[in-house]
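Common to both upcoming complexes is chain A, partnered first by chain B, then by chain C.
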Partner chain A sequence: MIRITDLHHRLGGAPVLNDIDLTIPHGGLTALIGPNGAGKSTLLSLIARLRPIQRGRISVGPHEIGKVADRDLARVLAVMPQSTEVSARLRLAELVGFGRYPWHRGRPGAEDRAQVDRALERFSLTDLRDRFLDEVSGGQKQRAFAAMAYAQDTDYLLLDEPLNNLDIAAARDLMRLMRGLADEDGKTVVVVLHDINYATAFADRLVVMKEGRIAAQGAPSEVVTDTLLAEVFGTTARVAEVEGRPLVIV
Partner chain B sequence: MAALLAVCAAGYMLWSAKAPWSFLLPYRATKLAALLLVGVALSVATVLFQTVTANRILTPSLMGFDALYVFVLTLLVHMLGATGYAAIPPGLLFAANLGAMAGLGLLLFAGLMRLAGGDMIRLVLSGIVLGLLIRSMTEFLQRLIDPSEFQTVQSMSFARFTQIDPLLLALSATAILAALAAAWSLRTRLDVLSLGDTAATGLGEPPARLRRQALVVICILVAAATALVGPLSSGGFGPSSFFGLIVTAFAHIVTPTHRHAVLIPSAALVGGLVLVGGQFIMERLFALATPLTVVIELIGGAVFLVLLLKRRAA
Partner chain C sequence: MLRAGLALLAALACLSVFVGTIPLSPADLLGAEGWSLVVDSRLPRTFAAILAGAGLAITGQIMQLLARNRFVEPMTAGAGQSAALGILLCTLLVPAAPIWIKMAAAALAALAGSLILMALIRPLPPTQPLLVPLVALVYGGVIGAVVAFVAYQGDMMQFLGTWLTGELSGVLRGRYELLWIAAAASAATFLIADRLTLLTLGEDAARALGLNVGLVTAGAVMAVSVVTAMVVVTLGAIPFVGLVVPNLTARLAGDNLRRALPLTALAGALLVLAADIFSRWIRAPYEVPVATTVAAIGAVAFLALIRRGAARA
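The block that comes next holds the complex of A and B.
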């Protein structure tokens, strides 16, 4: 599990996160939602040690962020970057191959190659493996980055707004794959989402943030209500119940 | 490509011998070694620099190494006069140059890295401004000195491969080879860095530390090469040395890959080839005394434009 205690963070003098205490249980898919500027991405980047922790503690499983060696953490925790711009010209299979780097440190073996093939297969990229990244669609590119994180073979997977700029088919595909990673492989998936409806459809747990604090957390049907939308998001959208789960009518 | 380089080197060594071999071979061998060393050092430094800055049209000479060399030169001539300057033992001069350049480079990188918080764009821009400052100070000094002494400065501000001191060659070869070995040991980590900062961190390769290590290697490579032969950009006043740019552009065409295990040797070969082949053609076939750097600037300018325009189109 991911345990966050007494976490504070400031960016350019302004407080972004205030006294966060949060436990994300092992297994399942947890979605971080909240209005723009609530601190979701900052929180995720602190868990992923993309920024140094200023105050407080975060531990992922037995490892405390900032104390454990980077290469050891890379075998436990994978991050899918928000921006998928890469300056190098890479083929899809090469990109996915980088996911094995924490394990082989530059000398891939037969096991690593097999792992890459499995990742490509699972994310339906086998036919595209020799294409360059700039030759595939946005959805396929996003899938390739997800496949890279999968090839990293970690217990924990963090994704920062993976659905940005994806059409509905690509977005649903990606979320279904993430659901599969949680259900079949027992991974702990934490994802920052913008669209509440995607969060309620695919996540087991929601963590709602507002102004650098945790506003609510729990199962989607408990958390997403008219009052929450009014108080946290400041909008008067109605919540209906469709097929047993809450759906925000936009 | 290695074969082509060997042919060039052999051609350079053996073509049109007008002096006894016993004199010619050691003389040419020294020059050839210097050409190869400088070509390889600057090429590898440029490959590293482009990965570290994630920008394919930058070269390390942007950071003002050449300018600093000319500055030290001008300052010495100003203080000691042309004859006094000529009297300085070359070993001492080399050490001073190497120290000044490597020192400045490291200071700049270490200090600015902290200030800029790892922001490479800011680091590069500060380097350019610092280079400009050094250039202006140099120009100011050059106005103060005697016209005949100015001649000395000017002739020394182009890269020269003619009078190479074997001792200096050995010194810089040691420094360059050590730095090359270090560059080689960074190769797979640099591959990871080329994925971008977030991905690199996620894969357990924090970019800040790797950048620092790569920048130290770059400093040593460029400083040793420049201290050996002088600045490779036109008189130290060019906007950037185009040599590294040509080399990396060709290396990317010949070996289109992101892998530094391939790119580093490939750029090193191209770099050696451009300098040795270019010098061979200039010296033997055209019998011209034009400095090679002038030609490199000309071709480099064209390559630079093509790269810029291609980028705009893409």
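The block that comes next holds the complex of A and C.
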């Protein structure tokens, strides 16, 4: 369970997060949606202790962010940041292997190599394992970063807009894999998504942010309505129900 | 590839022992005179070329990783000039200082020079990859000018060349052993190779994996500074090794340092050793400074790299 209480955050003098109280239950896939600049990335980076908390508290399972050591949290929570531009020429298998660093701290053993093989297999990257990052497609690259987070073997997985620049096939593949991590492995997955339809199709719960506040949360069918689109996203798109799920007609 | 390189290095090392102003044949090794020539001069010189070449290539690779830019190397980007400034100031202010004090002064100055460079290039936008080498070159040039000014004021101009232009002709037994410190610092980077590679993922991703980013960066900058300073103090500055070699090995082996560093070290040793043999041979019985030979090779290679980099960006 991720528990956030009384969280406030300012960047460059301007408030970015205001009085956030949020509980993300253990297990399942939670999608974080909201317009650009709502504060989603900031919230995610605070949970992942990549920025210091200014006011409020965040706990991930039994660990209090700000108190737990970086290396201990790295075995509990993996994060895939929004921009994954890596200038270095790394092979896919090497990249995924770095996900094991929190466990072997520089001396990978047989178990680590087995985990890397499993991650590559699960994310359908085995054939590409010796390719360099700059020799694969955008979708394969994103999959490799997700596989790296998976190889980290943590209970919690945070991903910031992993579907950026992916075509529909690659985006659905990646979301299915995330769904599998929640369903089969019992992980708690939190994904920032741009496209509401992907959120309603794959998430158990939605958390909607607007201007640094939580605007709504709950099951997709409760949250995604014409009113929400108008009030939070400022657009008059219609919501239809298809196969029991809300679908935004764009 | 590593094995072929090692064989080539062994062959060049043998050649290096027998090439020089005083002719030497394998049979001469049995005589006392030939033997002492080898032990006192030719072997130290060969070792010096290998150690300096390997060390400089490694520092280049690490600096490029820290700067997240392929077109920088410590020797021309301020660390080399700072080391020269350190030893120059030390010689001026405390002329009687023992060599280890001068060495420490050079290392500390190189450290300060590297840290300032890192601070200078940190805010540069990654979308302009040629800005970093530009700033680094200007920065190195400014420190080089300060060195020249101080040397002129202190009437030390005649020593300037020994630090600013690397040369192996003066290497004798008892006069190159500081390079083993450079070798130790280079070897130490092998131990943190994985951690250094993690830095290429970016600071956030590295921290998310539990890496102590500050500590690893500090260790890396320290190793770079020590190697640079030891080479400047013993041989003088040798530019371009740190620039050309890592670019070459990155193409072949990628940037995973665990895999790339041994190759980089080997290629650097090969380059400097081959350049030194060439420098002895080209206008024998006179010598060309090894830095000049390396720079001639390196400048051409660097231009090719810039062209390719600009075409890709």
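Quick notes
Note that the second predicted complex is superposed on the first by the 250 of 250 C-alpha atoms of A that agree within 3 Å, B and C clash if a C-alpha of one lies under 4 Å from a C-alpha of the other, contacts with A are read in each partner's own complex, and residues count from 1 in each chain.
The rule is simple: a residue touches a chain if its C-beta (ideal position, glycine included) is under 8 Å from a C-beta of that chain, and two chains touch if they have at least 3 such contacts.
Everything numeric here is computed off the predicted structure, so don't read it as measured data.
Because the two structures share chain A, they can be overlaid on it, and in that overlay chain B clashes with chain C.
Within the superposed three-chain model, A:Ser87 lies in touch with chain B and with chain C [touch as defined at top]. When the two complexes are overlaid on their common chain A, residue A:Ser59 makes contact with neither chain B nor chain C. Once the two complexes are laid over each other on the shared chain, residue contacts for A:Pro102 go to chain B and to chain C alike. Once the two complexes are overlaid on the shared chain, A:Val79 sits against chain B and chain C alike.
By the touch criterion defined above, A:Asn197 reaches neither chain B nor chain C.
Of the two partner chains, chain B and chain C are each touched by A:Ala48. Residues 48-50, 69-75, 78-79, 81, 85-90, 94, 98-99, 101-102, 105-106, 152 of chain A are contacted both by chain B in one complex and by chain C in the other. Those residues of chain A whose C-beta lies close enough to touch chain B in the complex are 48-50, 69-75, 77-83, 85-90, 94-95, 98-99, 101-102, 105-106, 145, 148-149, 152.
Those residues of chain B that touch chain A in the complex are listed here as 54-56, 187-189, 191-192, 194-199, 201-206, 256, 258. Of all residues in chain C, only 65, 68-69, 126, 192, 194-195, 197-198, 200-202, 204-205, 207-212, 250-251, 254-256, 259 touch chain A in the complex they form. The residues of chain A lying in touch with chain C in their complex are 45, 48-50, 69-75, 78-79, 81, 84-91, 94, 98-99, 101-102, 105-106, 132, 152.
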